[in-house]
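Each in structure tokens, the structures are laid out below.
Both complexes shown next keep subunit A, but they swap its partner, so subunit B is in the first and subunit C is in the second.
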Partner chain A sequence: MVNQYAFFFDASACTGCKACQLACKDRNNLEAGLLWRRVYEVAGGNWEKRGEVWVPAVIAYNVSMACNHCEKPVCAMSCPVKAIGKRDDGIVLIETGRCIGCRYCEWACPYNAIRFDAGTNTVSKCHFCFDGIDAGEAPACVSACPMRALDFGDLAELRKTYGDNRQIFPLPEPSQAEPALIIKPHRDAAKAAGSGAEVANWEEV
Partner chain B sequence: MSRRGFLRWGAVVGTAAAAGKKLSGGLRKKGAASGAGQGAPAAPAVEKMVRTGCPSHNCGGRCLLCVHVRDGVIVRIDGDDRPGDTLEDPQLRPCIRGRAYRRRQDHPDRLKYPLKRVGKRGDGKFERISWDEALDRIATEFRRIKAAYGNQAFYVPYGTGSYNQLNGRQTAERLMNLFGGSLGFYNSYSWAAISAATPTVYGTAVTGNQRQDWLNSKYILMWSWNPAEMRDGTNSEYFVRRAREKGARVVCIDPRMALSAVALADEWIPIRPGTDAAMMSAMAYVMIKENLYDAEFVRTHCLGFDETQMPPCAQGAESYSDYILGRRDGVPKSPEWAEAITAVPKETIARIAREYATTKPGVLYQGYGMQRRAYGEQPVRAGCVLAAITGNVGVPGGWASGIALQAPDGGPAWIVFPTGPNPVKAQIPSFLWTEAVIRGKSMGPGDGVRGVDSLETNIKCIWAVACNALVNQHGNINRTVRILQDEKLVEFLVVQDNFLTPTARFADIVLPACTQFETWGLEDGWKYGDEVLLMPKIVEPPFETKSDYRIAADIAARLGLAEAYTEGRTERDWVGWILDRYRKTRFPGLPSLDEFEHSNRGVYSVPVTRPAVAFADFRKDPGRHPLSTPSGKIEIFSQRLHDMNMPAEIPAVPKYIQEWESPFGPEAGTYPLSAIGHHYLSRVHSTMENVDWLNEAFPQRLFINPVDAGPRKIRNGDLVRIYNDRGATVVACRVTPRIMPGVVALPQGAWWTPDKDGTDRRGSVNVLTSERWTPLAFGNAQHTIMVQVEKAAKA
Partner chain C sequence: MAGEWSLVAFTIVGQFAVGMYLFIGGPLFLGPAWPGAAAAGARLALLLAVLACLAVATGLSLFHLHHPLRAYKIFRNLGTSWLSREIFFELLFLGTTGLLIFHELKNDGGAGLAKALFVSGGLAGGLFIMAMSRLYMLPAVAAWDHPHTPLSFGLTSLMLGSLASAAYFGLSANRPDFYPVLPTLALVAVGACLVNAALLAPGQGIFGAKSRPSLRPPGAATSRLHVARIAALSGAAVLLVAGVAAGEGRILGIAGRPVVLLASLLLAAAGEVSGRFLFYRLSGRRS
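Moving on, here comes the complex of A and B:
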């Protein structure tokens, strides 16, 4: 019995190849411009001239992120028409037919997980491949990773395996929404906050 | 909110779920092939899932796809679903290129009908014609050119746009050979220098251990190697991860902080492009000065390290130690010397030398970017020498460097489809085809010609199958297109492809090929891996497209060679024929074609339980198991290269040689930035350039350091103009610290898209590259370019 499905993401092993993003797009037929899972490239640091050579003090890593199916789903709390809900197993779903396109949920979500489609005037997001889950399959992104850097399962079980870190720059404090997400940080993550590092690929996410 | 409040969601089926929503921009007319019938009762959807090898375009991976088909249309592509995923027999997980394949498969721009040129060559104006007209024209021109110039005038160029056992240029080569032959080529645009240079040291290209052996390594130097982006074998990046988890320290040497450097390495060391041999030489200097090299192994297994072991015919010639210590030229190849050249701090060079020499066994893995350069042979040889003098050859966890085809047999079987003997004995280096167009008759061994003393004719007819290398991937596009525009040179040009590529725009006749999902094929593990992947025909070829094999068979029929060409076999029959060959050679346990197909397993794999180690026998007993080099030893000094007597460009021991375009030459005054055209995840070379999902993931950009962008008033996202004497291109930029100052990177493969002034607007790097070739291999040196970058006006 799963109480809360969750993702595990190993930032130390993620190359940023986006196989997860593309597996999601194919499985869910997402047009170009619509990303339910996306990969943030964090980059920063400086080059210092030492004598005649430039020496790097550069940091970089990736954060692959979908919807975190939060324990405290602020998207659902913000929805005036109750179009967003949470299953018994913790998966957060949007009932598109009820969506009025007000975009409150998009503003509420601290993870950029909710995506607005102006064409249909509705929002959509990662649904944890719930139909696959119901059929005993892994989410498409998890089984796609060439580095085996993604995992999924019950949040309590994942905590036992991977610990309880739910934060990595530039993600917000987990207390905001209690994300069902466990992260193994990249070694550069500790240097990122306050170093001037930033998301370097906004145009891609 | 309480959980109870959400209970109703337990039964909700998300409406935007995987219910087969139709994507826009499809190849087919709306409603033509959708499972959702309208009006009258629709027939039940016919669904199937087929496991198949990912369509091959000459990436380094060979992956398994699960292709879901509904009513004859591919609706979903999953990856390898085999249970287990062990180190010995890992899943073959596809990258984004395979994942995005539906957007190529169903692309509205797919070529649908044969076309003939109606404007000037290269104007891109075409008219639809029938297959009969196209085939008749081709047969007539082939006969005319054969009569006028002989078979040496035909050329089926290097091209890898379709690249499995039954799809690609080899289908055309077989027909040309039956027709009397065509000018052959050797070498490639990928590996020219490394494939020529490796055997000068080791006498073979089989210098690699099987990759599972990396887990026995304690130190891995990824030199110019970026498997996460170019996929140098499916799972190579994963094996590096596993080696690192087991304790190997991993260091990445690359001008870019590539995806591999971020996720695979403990340390990234940027190095100025084209100077790898200088850093390698300085590492040897440290090892010699600090006595860190394996003197015993050098004494028993190597030749030419110092004056005590020079070959008899070269007594008194400069040994490797002579060069490193500067005994002849007065220049010790010290870390201080190398720092000024490589831009790697001398302390770092010395530290890496010590680490590699003392943390054993270790891998110095040579990628291929560093050898697509002016003197690309030198870093290959220099890296092999470092592997040898540290004694990392022939041991588990070690690595001999070089091209590293895998032990024990060189790995996969490459092209098994029988092209037959070529009656034309002449061969050119693949990169010198434009030379053979403009001055073939003057070309001989000095231009790398093999098989004859000189060519009898220039190239007059080109049949380019799955080849966008002709225009887009060759050096110096603006020069190439001037050559092709002259109809007196190449008199007839046929291009056969899936799309109207920049090369196809220059065709006289364009033939529409189907994709690899639309015919039969077969592939094995490329450089690495012990797998055979079956590629059944999954969907029907749309419109009037045909397989490469069927097109060649149809031309053969016009030439009276139908039976000789097909031997009565269909595409599927040939796949069975090739499977039989595999079974008799590398894969004795292969199932029959029927069994393979009906089991829907997709892949036959041989688990690697005891990874083979190259040169293990030689290591144990070099007397009984000598190498195939002239001396039987590892030739740090090559007698053969010495005898060529071109020491400035082809030295007998590996040396750093300043490139013909360099930050240290006068050209740097005008063009101060080195430019490299790295592999990009959104394409396989130029294939998949037009796939929207991939452009979304990795848009074409110029990558430039803030140190270089700042003084040029270039800000992130600006359009920039990159130019030199050969051409100019305009593209948006990414200002990033992940590339070293003084270097810009423009991912190779973007389709040449000239505006009315001839400026490329797509970031096609080959408008900047040169047609000049490397001295020993006659290989492409396309990464050796200097450029200037400036902010561009908005178009």
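Moving on, here comes the complex of A and C:
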């Protein structure tokens, strides 16, 4: 039995093709401008002097991010009407019929995963393709990734397979919400924060 | 930015109501006896003004909800949601003010009960401001998770309340004995707001919140709103200094301090409106 569903993301394998983003939009019929999974393009770098030669030290990698179905879901804790709840298997769901549209959860979520849906006038987010999960299928984003950079499963099992790293620049401190997420970092990630790297595609995400 | 106008109005009107209640009501309900029949009328007028402010604030707050008809469920999560608690304390404050109005209208004495109700209302108002501050101190929004937030909300209440108190008692026919202290108190409050804005304002102040790694788009920290806030608060401070220095004399040909104090109150309120728009612009949320 699954206690806490989680995503695994391999930043070293992701090419930034955004197939995961599109598969999510397609499966969930999301309106233009609404994204439940987003691919952040992290870019930066500088010139480094090696011997007598200046060479470019480029930082470039991608971070695919959706709702992390946190173990401590601060969105649910902040919701004044209890419209956000957690299933027994750890999937965090929004009950749109209860949502008053105050959008406070959007501010509270450290992963910027909750998005306002102008169609329903409520907030919305990744629901882990729970209906597919219940039928034994994989989430659309995981199935669509051509690089197999995404995986899913029980958090405890994923930890055994991939380790326990939950941090990569520019993600916030995991202690804020205890995300059900495991990340294999890109080789550039360790030097990204200190070298002025930044998200290069804010207008897309 | 304009999308948050209802929250700007709700927070500032709510903070003004608490400040007015404490700084005008405090002397009226808890202070030494004030010239006879005027006190009863003044208490009722104050309570009605506070009630009107709270009703307006509550009404305005509904404008930022996309399903306002479901708002009656707002108390479902008092256990963990500061938004639930904020509205709970606001309505508790409103209810206590309503009870005080009923008590005043009954006019059957009972000064002890009036004092107890006033203190209860003051506590509810204080908790309302505290919950409002705590609501925005989110680790996910670095610009707000900073001492500037509670200081700004508390000082807005203090400044607008003390300015309203100075202007109100200045306009009264029979000024109470403590009146000369009020403009000075208001000047101290305006000074504290200026210092808070200059030093701690997110994205602008010298010691403002530092950015952290985040998946949230950077907020639009426009300096024009910050400059407008500082300019308006400085203008309010200059008027207050002139008011304090002139005493009961004429100021720039204007008869009496109350007019200058009212102008100072309006400027201070305008400064806080600018500051609050800046505050919400830093949230990094898509409109």
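Structural remarks
As a working rule, the second predicted complex is superposed on the first by the 193 of 205 C-alpha atoms of A that agree within 3 Å, B and C clash if a C-alpha of one lies under 4 Å from a C-alpha of the other, contacts with A are read in each partner's own complex, and residues count from 1 in each chain.
Basically, a contact is a pair of C-beta atoms (placed from the backbone, for glycine too) under 8 Å apart; a residue touches a chain by one contact, two chains touch by 3 or more.
Computed from a predicted model, the values in this text were never measured in an experiment.
Partners subunit B and subunit C fit side by side in the overlay (superposition on subunit A).
Once the two structures are superposed, subunit B and subunit C can be ranked by residues of subunit A touched, with B on top.
In the superposition on chain A, contact of A:Leu171 is made with subunit C only, not with subunit B. In the superposition on chain A, no contact is made by A:Glu48 with either subunit B or subunit C. In the overlay built on the shared chain, the residue A:Cys109 is in contact with subunit C alone; subunit B does not reach it.
In the superposed pair of complexes, A:Met77 makes contact with subunit B and with subunit C alike. In the superposed three-chain arrangement, the CA centre of subunit A forms the vertex of an angle with the CA centres of subunit B and subunit C, and that angle is 130 degrees when rounded to a multiple of 10. Contacts of A:Cys14 after superposition on the shared chain: subunit B is touched, whereas subunit C is not.
Applying the stated contact rule after C-alpha superposition, one finds that A:Ala193 touches subunit C and leaves subunit B untouched.
With the two structures overlaid on their shared chain A, subunit B and subunit C come no closer than 8 Å at the level of C-alpha atoms. Overlap of the subunit B and subunit C contact sets on subunit A: residues 77.
For subunit B in complex with subunit A, the residues that touch the partner chain are 1, 3, 5-10, 12-18, 20-24, 76-79, 81, 85, 93-96, 99-100, 102, 228-229, 234-235, 237-238, 241, 257, 259-264, 268, 270, 339-340, 343-345, 681, 692-699, 705-707, 717, 734, 736-738, 740-742.
Of all residues in subunit A, only 40, 65, 74, 77-82, 98-104, 106-112, 115-116, 121-122, 169-173, 176, 193, 199, 202, 205 touch subunit C in the complex they form.
Only residues 64-68, 70-71, 73-77, 80-84, 87, 135-136, 138-141, 212-218, 283-286 of subunit C touch subunit A when the two sit together in their complex.
In the complex of the two chains, the subunit A residues touching subunit B come out as 12-19, 21-23, 25-29, 31-33, 35, 43-47, 50-56, 58, 60-62, 73, 76-77, 85-88, 93-97, 124, 127, 129-132, 140, 143-148, 186, 200-201, 203-204.
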